[in-house]
Amino acid sequence: MLEYIKGFFELVKGLGITGKHLTKHAVTLQYPEEKDVMPERSRGVVVLLSDKEDGSLNCTSCLLCMKACPTAAIIIDAPRGEDKKKVLKKFELDFSLCCYCGLCEEACNFSALKLTGKYEYSTGNKDDLIWDVHKLQDVGRDVDYVDKRKKKVKKVAPKPTVSEATDEIKPTQSADKIETKPVEIKTDKIKTDKIETPQDKDEKPKTEGEA
Amino acid sequence: MIAVGITVALKEILASFGLSGGLLSVVTYAILASATFGLLSVLALFLVWWERKIAGHMQQRFGPMRNGWHGWYQTLVDGLKLLQKEDVRVATRDKVVFFWAPVMCFIAAFAAYIVIPFGDGLIVADLNIGILYIMAITTFTVISLLMAGWGSNNKYALLGGMRSAAQVVSYEVPMVASILVVVLYAGSLSTVDIVNSQAGNFLNWNIFRVPYGPLAFLTYLVAAIAEANRTPFDLAEAEQELVAGFNIEYSGMKFAMFFLAEFINLFTVSAIAVILFFGGWHGFEFIPSFVWFFLKTFAVVFLLIMIRWTYPRMRVDQLMEFAWKFLVPLTFLNIIIAAIFKHFGWYWEL
Amino acid sequence: MSNLRTEEFDINMGPHHPSTHGVCRLLLTMDGEKVVKVVPYIGYLHRAIEKICENRTYAMCIPILDRFEYVTAMSCNYVFSLAAERLSGIEVPERAEYLRVIMLELNRIASHLIFFGTTAMDIGALTPFLYALREREYIMDLFEMTCGQRLTYNYIRVGGVSKDIPNEFTPKCRETVATISDKVEEYKRLLNGNPIWKMRTIGVGKLDADLALAYGVSGPILRASGVDYDLRRDDPYSIYDRFDYNIPIYQNGDVYDRYMIRLDEIQESCKIVAQALDQIEDGPIRAKVSPNFKPAAGETYTRIENSRGEMGVYLVSDGTKKPFRVKARGGSYPHLQLLPEIATNCMIADLVAIFASFDVILPEVDR
């Protein structure tokens, strides 16, 4: 009998604990109205980063991210152009395959892509999950990042001064790639990159491409 | 206070329109039945929302928040959705039984309200066997659950139906035994008489008749939870074991009927608890009697909701053991104690 | 009554059932409410993780193995990294070891919280589940702050960890650990004395030590049966010898003990994390490991104490940058095998309670 009375008081104690919680405020958020602040390192949507100054893509088509991807979610097609330079023809990221491991970001030496805290990209159509280069770039425009590229590149990009750039050859070359490609990609939208190449070549002497 | 009963008042009004005889009774009761039906439907919708809100806040969530202020018409929208849904019927069902089970459950849940006084005079019919009638009519629920379990032709559903049959039949005994204590003091089975026997000072309420009053209330509460199929005795639909138990094959409006009936049963058992132990509609005079009744009933409903969301579920054999080996002897013992107290007049009447 | 003819019937519990924690099919032969025979059918979640790993470099294997046992993905990361380190003899920096221990123990707490919640839910109490998940979210926040993900971390790498903890991690972690330690006391107040809970758990699903050992049971379930065996102490790895903690042991081996031991372990893990936060010093977080990491040819079986028992990786390397064979061992598989042994001739409600108390993660069983 004593056991039953003790059990009864235990039951009342249980009610007390849940009743105490009744008075507390909810810990959940009302999602579409209230949003959680995503941490700095949050690994969500992968975006392609653009240069902070001229808005061109940082990608050099080195294919390192594609090789690092464990699920083969990244597909890059970058054939060599006439001047033996890689031209980024296709950069597709399939978010239905992506596992958000962040290995691509770690593999990239040029701050070309980043996993961001963005997460609202759900869709009713699976094909919409394959993002092309324009979408990846557009989504990533407002993303702040630390530029991993060599400082020299930055100097070259805005002001084409011959004397500084001649000191080192390699960075300028990479800078060149970064410079030239975005121009092509933007024209890619009209699918007339071949026609636009003369323009490209016009720019090159300015940035002293051939050192 | 409304001196005349609502039925009598309504009859007089209708008689002034020239109705008389059998037709008068039929029209009167039809009007009252539809009024009760409307009230209870609103009540059930409210209770579903209220339970979800309480459960949510208890678990530090919000519960429904989308439709209206704190989602107040959420259940209405849910009901509309269920109305529109396809009525999925298994091909191997027992057609007649499958169809009538939810209907019966629904009717049984509503029929009890004939004798429940919502306030002073607010009663459809004051039967002299009121409580007995409620006990009889609420037991119909178990037949409907058994029908649902059998008619679905599903093993989970059958297990659920069998469980509920065993459970309700066992808990009927302690429930009636607990009620008998009150009947002993009121000297009547009529719900109005039982309430009136607790009139006057609130110390006249049966719950304050120490020691047998609180004990009878507790045993009644336990049995009532079992009757209403709620955790810790919700074995008939034990989600983690039988998925949904007896209503596993039901969808659309048929499911909604079971669902609403469950909440009406919840209100029924709480209302009976108020009538039996908390003095029904009695309270301070300056507040209308039906307000008192609803306040008290909602307090009991709140307690039942708290219990549901706090405790784990019992196992089926433990449930039966608890009923027959503990609850039944205890309630019978309680009747004897109450009889002794009554015989020697060891109780107050303020 | 005794000559009343009864008939047994089969019932499929799962693949989709609220209490099978994933997709496991239990074929039950029932005699009324009583379970006469249980046969678990597995394989609904087979993703060939081991084979996939053979076609990936060591760095790529880690995010794949995250999905092996996703409730404690840190230990999947860790056990694979440890195996690769042992093959190639890489020395892990001191700070990385501490970070690993902190993350592993936080993940153990998170996993046990899931256990607590789901077990309570399976026994019918829905509210503790929400409480447990509320606390788990704090830990997930810590993980997200550190490595960016809440479930599949890819944090512990060959040679160390991928990122150092941010500045606000330490105070927040201390606070979280203290909160959880308090909350566990509250859980105990809520359920331990509850007569219904006791009725449902005490003496249910008894597992004696001999049977447990015969079936290769490990982890909390083994310790709840009275066998004092914890790989953190008995097969030392990392720096667990530097911390002061107890290994809780219970004797009865029923559902109640299996539940209690996990609540106790949460509190012990809280202690370890607090101590690790005190002892940790600045330093490098990752040894130099080339992106084309190639361990020496050889094989190793590395095991650690996971929240579900012994988690091991048998790694064979042929000296190339991809592993030749990865065999992952998880605790849940032997535990699921045990189910027919101890759940026979019990009620269906007990079967659910026993299954919940084993804390089986089906993706780990099916791999």
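As written, the chain order gives the labels A, B and C, with residue 1 at the start of each chain.
As a convention for this text, a contact is a pair of C-beta atoms (placed from the backbone, for glycine too) under 8 Å apart; a residue touches a chain by one contact, two chains touch by 3 or more.
All values reported here derive from a predicted model rather than from experimental measurement.
On a Cα centroid basis, the chain most remote from chain A in this structure is B. Between the interfaces B-C and A-B, more contacting C-beta pairs are found at B-C. Innermost chain of the displayed assembly, by C-alpha centre distance to the whole-protein C-alpha centre, is C. Chain A and chain C, compared by their mean Cα positions, are separated by 33 Å. Chain B and chain C have Cα centroids separated by 45 Å.
Chain centres here are Cα means. That of chain A falls 59 Å from that of chain B. Residue numbers of chain B whose C-beta contacts span two or more other chains: 58-61, 309-311.
In chain A, the residues that touch at least two other chains are 4, 11, 14, 17-18, 21, 27.
For chain C, residues touching at least two other chains, in rising order: 127, 131, 134, 190-191, 194, 196.
Contacts from chain C toward chain B in the complex involve residues 9, 11, 17-19, 30, 32-33, 120-127, 130-131, 134, 190-191, 194, 196-197, 199-200, 347-350, 352. Here chain C touches chain A in the complex through residues 56, 59-64, 66-67, 127, 131, 134, 137, 141, 144-149, 152, 154, 162-163, 166, 186, 189-191, 193-196, 291, going by the rule given at the top. Across the complex, chain B meets chain A through its residues 54, 56-62, 65, 306-307, 309-311, 326. By the touch rule above, chain A contacts chain B in their complex via residues 4, 11, 14-15, 17-19, 21-22, 24-28, 30. Looking at the complex, you find that chain A touches chain C at residues 4, 6-7, 10-11, 13-14, 17-18, 21, 27, 38-43, 68-70, 99-103, 106-107, 115.
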